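Per-chain numbering from 1; labels A, B, C and D assigned in written order.
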Amino acid sequence: MNAVPLTHIILLSTALFFTGMYGLLTRRNMITMLMSVELILNSVNINFVAFNKYLYPKQLEGVFFTVFIIAIAAAEAAVAIAIIINLYRTHQSIDVEDASELKY
Amino acid sequence: MNLSLLVILPLITTLLVLLARGGGQVKAIALTGATLQLLLALFLLYAFGKERSAGDHSAMLFQANYSWFAPLHIYFHTGVDGISVAMILLTAFVVLAGVLVSWDTSFQTKEFFFLLVFLSAGAYGFFISLDLFTLFFFLEVAVIPKFLLIGIWGSGKKEYSAMKLALMLMAGSALVFTGLAGIYFKAGGSAHSFDMMQLAGGLIPVKVQLFFFPFVFIGFGIFTALFPFHTWVPDGHSSAPTAASMFLAGISMKLGGYGCLRVATFLMPDAAQHYAPWIIALSTIAIIYGAFATMMQTDLKYINAYSSVSHCGFVLLGIGMLTRTSVTGAVMQMVSHGLMTALFFAAIGMLYSRTHTRMVAQLGGLLKIMPFISTIFILAGLCSLGLPGLSGFAAEMTVFAGAWQQPSTAYRFATILACASIVVTAVYILRATGQSVLGPVTDSHYEQLPDAKWNEKLAGILLMAGILAIGLAPFWLQQLVSPGAEQIIQQAVKSVTIK
Amino acid sequence: MMGTQFFWLAKQELVLALVIFLLLIIKTGSRTYSNTSVLNLVNALLLVNFLAGFIAPADGILFNEMFHTNTLVTIEKNILNLGTLIVSMQGYEWLKTHKHVIEFYVLLLSTLMGMFFMISAGHLLMFYLGLELASIPLAALANFDLAKRQSSEAAFKYIISSAFSSGLLLFGISLLFGTTGSLLFSDLPALLTGGPLQIFALVLLIAGFAFKISAVPFHWWTADVYEGAPVTVSAYLSVVSKGAAVFVFVYFLYLVAKPMAAAWYTILFILGVLTMLIGNLFAVRQQSVKRLLAFSSIAQAGFILVGISGSSQAGSASVVYFILIYVLSNLGAFGVASVVSALSGKESINDYKGFYRTNPFLSWVMAIALFSLAGIPPAAGFFGKFFLLFAGAGKGNYALVIIAALNMVIAFYYYLRLVRAMFFDRADQEPIPSLDLNWYPKIGLGICLVGTLLLGFFGHVYEHIYSISIPF
Amino acid sequence: MPHPLHTALVVLLPLAGFVLLGLFGKRFGSKAGLVGVLVLALTTIFASMTAGGYFFSNGTVSGVFRPLKDLSFTWLAFSPNIKIEIGTLLDPISAMMIVVVSFVSLMVHLFSLGYMKGEERLHAYYAYLSLFTFSMLGLVLSSNIFQIYMFWELVGVSSYLLIGFYFQKPSAVAAAKKAFIVTRFADLGFLIGILVLSYYAETLDFGTLIQRLTDTQSSYSVGITAGSFMGISALTWGLVLVFAGGAGKSAMFPLHIWLPDAMEGPTPVSALIHAATMVVAGVFLVARLFPLYAFNEVALKVVTMTGLISAMFAAVIACTQTDIKRVLAYSTMSQIGYMMFALGLGAKGEYGLGYTASLFHLFTHAFFKSLLFLGAGAIIHLVHSNDMKDMGGLRKFMPITHISFLVACLAIAGIPPFAGFFSKEEILSTAYHDSFIFYLLLLLTSGLTAFYMFRLYFSIFWRREAHLHGHHGEGTMTMKLPLIVLMLCAVLAGFVPFGHFVSYNGQPLEMHVDLLFSIAPVLIALAGIGLAGWLYKSENDRPHSLATAMGGFYQAAYRKFYIDELYLFVTKKILFNLVGRPAAWIDRHIVNGAMNGLASVTGSISSAIKGLQSGKLQQYILYFFAGIALLTLLLIYRFASMPV
């Protein structure tokens, strides 16, 4: 049952987190960036679930939190995509480099 | 009497100014308000004298204490001693004169008088405050009107000057603020207080004093043109409209001097002793250096502005010398310089409004064309160079006499240098008068120019009356101020004996 | 039992929810409605909402401590209500021609509701939900100038930044959960030990807050979003959204993270200094009024951090008091910028040259607001800032106070630049014409002006706030 | 019947005149002069009554004159001890001075009626004259050293106003400025001297000051002699500094440069201020503090030497000038040099002969010198020129002026029985008793005096036949009358038994004229007159060839020994260029530059970091994350105490 230790799962989530970070920082496509953010959120989800399962098995807080995060991530993605679509209308591009008029 | 009236009266005036219709009404209201202020100030003088002669020798009279921000121990605590009364009188004189000389303002009259009268409210509030918070509040209240007065109605590079003045004064306030924070939290254990009368009894530990005194002193010093933080003075004064120049030099710079005295020296006597050599050194530099710099100026307003640097040096010198006489002299110098410089600026403003130049070289022979204006110009000059019978003499001599009471050779040397500045003063004053109002008429257009109008005459006469009242009979001012000075100095002297 | 209590304690949220539902019904129900009537209705409802906040404030908890409220919380929500009302009135000129007025208000009020839940949160989950409810619709709002490129860019930057920041915040919460096993505010203090993971969690959480109140180095989105978004939304962001985050931040630090006070004090110190400095330095050379105000609001956040760092009852009271004043003064400034932008389309400082000659009232509102932001009496900002910095000084960290005080000088410079443009300079091109305002924005600006001028003089306002604010 | 009130009236009447004329002068129009004269006449009457009363009834106690102090009130109290008490102090010298001052002033007022007729600002002129008279009378009656300083300054400013009366003439304005500034500079010494003396004596009152500091037993005296700076005792410092003030007002070398220029003022003013009254204030001041000076060898030496040098120096220059007023100015300086010299020796010799001699000379000099100036005024009024080259043969046109001028010249040359003879005799006698060299030098100077005065006289009244066309006569009666009155004084003043009234210790001092002693001075004076007659009585080229023969020395004297140039160099080149200009420059560029620099540094930092806000979202995220990473590292390093 306990074949997979908590640290491994934490490592996984950390890896996922940094994958997300990496994607967020390097991808120029806005949709990909949005996906990278989702990765970060998912690493958090893994954390919650793992902590809940391994450390505080009698509680449900972690699990519930995860449920809410997933729900909200969906809402967030919806709004973000709407914004990106709108941005595409004005910019004719979803390259993040093109959306850098506001500066200094 | 209720001291708050001094603040309320100008505030009501400003309100009425706002509600007034048309320039005429605005002016009439402002004039009435300023006259009432003067009457109130004179009544205060009378009431103060009566109370004192009735045997009330408490440090501050007419005290009133209202809670303002109770959790922070902030009170609206008012009270006056002789020093404050003297400063209030000065304010009243300059305000009325300022309103009078601005009579011809036609551009945005309402705003102009609103700001002008509003400034006076700040000054009164400052002088009656016994609570550091309210004092600081009133110190800063004046910033906006000053800035706007210079920037809107000023001349020359007014924007630059207004910015510079506002920023440097703000920097001064920032330093004062830091000092206040230190005093508040470090004085006497957990009993946080802003009340000067409570803080005065040597409540602030010496270490704290030594750390925070420079903040407070330099902070207020910036207001009163402490070298090398005086550079706003020439620019600010020269760009400001006449009434604002009068106000700046006549009252606003005095806020600094008063603060140096009432807050820095009174509350932190040990530090005042400790830093006295620095204060004296800086003020002596300001006196001499200011005087020499004045000598090279060619613009009348710059001349007066730089000479203010020099003259305000006397104030700081008097404070730094820390004797009863010198401190009395410093206060007298504040009053005297306030009146004198206001008169000077008024005269310059009148000349400028007619000839449209302030350059000494372009003026000349105006005594014949405008005898009244030229006469007050010359009289202001004579007061500035310390002619007996005018206020400058009595004040400066009191500073010198007080300074000389310090036996240290270095202090004596500083005093002699300060005395020597009166020669330089004579040089630049006589150069300025000699070239601008005396000598041949340089421009035939000047021949047609009119002399002072009733309002200008009244302003000149008013300020002259003040100057003469001190110059001919300085004893009343000296007796008014001296007990207050004594009280401030006592702290410093006491702290020496404790050491 | 539970029923009535619920109605009383969550009454502000409920009123808000009713308003939102009403708007949705109108939207779905009627096909033809005029913008002005909607605006009349909404403003009236918002006024009712604001006034309702004062009725029978009660203390209590709901949903197993998930939700709590007390007089302080009520006042905080009222402040936010007031801010929203003013924003709405000032946005009148922009909204009356906008195609999606109802949607605007639905989104706006949803975020407000999110903030209410955030403030009332007693559990990190509740807090997170409130936070997201407050953030996501804001991104949509930022894009509300639908045809403008900059508006979309701003919205995109905001949503991604916000999502990233909540990702980090959640990561922090997950670590907190991992190390303590509880996310209930009342349990947490006892469980905090100060281990490395908890410190990491703390940093992440503070970064989440810092993002919302735009503290350096988590502020990068601020200026871009403020500039790109419609002015009304920027105003809302800078005042209401920031205010709500500050309230929760204080609550979190003072009550929940108290055992780690030494650690967060250090963070606040660093962030405070950086925020003031960077905010001011960037503001100094801005040409756009909105951007100027954006950086100014960043710098203000620095001052708020100084106040929070005071770690005392005076500190928390001063923060609330400051926010109240800040709401009025910042909305004064944004309000003028908003009507000017809506009616003349001008947004640069140079455009404001000669403004005083054509629009004296707006100039005075702007000037007083700016002086208040700069902390110059008699504007209330003086009192707010004085107390904030004083609270900071109470900790004995005078270096912080000196830096803050000197920063006020720099800040004063750029506020004066704008005042100078309005009052001193003559316009080099066509000045902004005399603007004919509807009475909504006029009232909105009037409230700001009067409030900014008079608030400082009523000592018992502060006294009251002090008496109910969070002790340390 | 000297009543304190009378003494006060002596001072207050001219003040009232000043206020009246200053405020309402315009209303009087051309009558302003009459008002002035009337006030001054009253003043003179009160002054004479006061002085008469003092000398003849209440001044003496058992034959010795005692100072009378009256009407004292505290004007300004610096500290409980050191306070300015305004009051009057009557003693022999002040009693003598009020008479001289008011009398000469009256004469000048009278003379001005004619001289200044038709002047536009006549009321201002008379107002200034009244102001001056007030200040001068106040000065001599001062009972307090600070009071004297105040009036001292007032005298200075009224002199400024009068010299610069023709304010549209740049040279007049410059001269007035110069006079004021030079004396101001000297007054600095006076002021510091007062501070030094009062610090040790703890009083400002003359009587108390002198009494405390001369009492060698008192702690005050011990203190001031013990206190020293740079090896010189505080008393010496104080006295020398005070003397510096006196020397400035009295135009002693090297502070004399203002006096010749001051001749730019209206000539009657020169008669009043620069001949009879203000310029002798220095002598008066030293006399006032004489007991203290007598106490200090060094200070006295300074006084003596200054007097001697000035006397000789001015006499030499006077021989070469061609502006008649300048000649008179240098002559004044020379004569005051005599007075100073004698005063410096006043503590020696028989019963302080020098003291009496000095003041006696002051007394007689006042009459004949003001007479000379008024005469010169009358001449200038006629010729409209100051230069003796434009004159000659005027004796026919102005007989009264001629005679009075001659009498005055004889008086100043020291020819018996004119007034100057007696007083100069006493001074020479003082010198003779002290040092033979001094005596010889003074004798030579007195020869020079006779020479230059008669050079002046001959050049004006003889030399050539003049043809004046359309001149308006010698002047009005009001101009002639003062000449005649003063001429009488110049003849008779010498016979006043001066020593009876004014002496070092208040006891009468018998002065006697030793005929044998008089031979040498009179002879040398006659020689001077003879030489002058030979050179200038008729037109010839002897003066020119003599001047050429003297070469460089003549040039140097003509150029006033380049003292003015030296001053100009010091002020314009050194003070203006090396102090003033740099101060102004430093202020604008360095101090102000530093303030502006702070602003621009802030601005450039701002520009330097603007790239951080690049507008690129991914960079923002990076910074965001970097911020978290750094904070975490820092905090874990600092605060993490225990493992997870």
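Just so we're on the same page, contacts are C-beta pairs under 8 Å (C-beta built on N, C-alpha and C of every residue); 3 or more make two chains touch, one makes a residue touch a chain.
What you see is a predicted model, and the numbers here were worked out from it, not measured in a lab.
The most centrally placed chain, judged by C-alpha centroids, is B. Across the two interfaces under comparison, A-C and A-D, the one joined by more C-beta contacts turns out to be A-C.
Here the CA centre of subunit A is 27 Å from the CA centre of subunit C.
Centroid to centroid, with C-alpha atoms defining each point, subunit A and subunit D lie 96 Å apart. The geometric centre of subunit B is 42 Å away from that of subunit C, both derived from CA atoms. Rounded to whole angstrom, the centroid-to-centroid distance between subunit A and subunit B, based on C-alpha atoms, equals 65 Å. Within subunit D, residues 599, 610, 613, 615, 617, 621, 625 each touch two or more of the remaining chains.
The set of subunit B residues touching two or more other chains comprises 167. For subunit A, residues that reach two or more other chains under the stated contact definition are 24, 33, 99-103.
Screening every pair of chains for touch gives A-C, A-D, B-C, B-D, C-D. Of all the residues in subunit D, the ones that touch subunit B in their complex are 74-79, 82, 146, 149-151, 153-154, 157, 160, 164, 167-170, 173-174, 176-177, 180-181, 184-185, 188, 191-192, 195, 198-199, 229, 575-576, 579-581, 583-584, 587, 591-592, 594-595, 599. Considering their complex, residues 610-611, 613-618, 621-622, 625 of subunit D touch subunit A. Remark: subunit A residues 21, 24-26, 33, 96-97, 99-104 touch subunit D in the complex. Residues 599, 602-603, 605-607, 609-610, 613, 615, 617, 619-621, 623-628, 631-632, 634-636, 638-644 of subunit D touch subunit C in their complex. Within the complex formed with subunit D, the residues of subunit B that make contact are 164, 167-168, 227-232, 234, 289, 292-293, 295-297, 306, 324-325, 365, 367-368, 382, 385-389, 393-394, 397-398, 400-402, 404-405, 409, 415-416, 419-420, 422-423, 426-427, 430-431, 434, 437-441, 473-475, 478.
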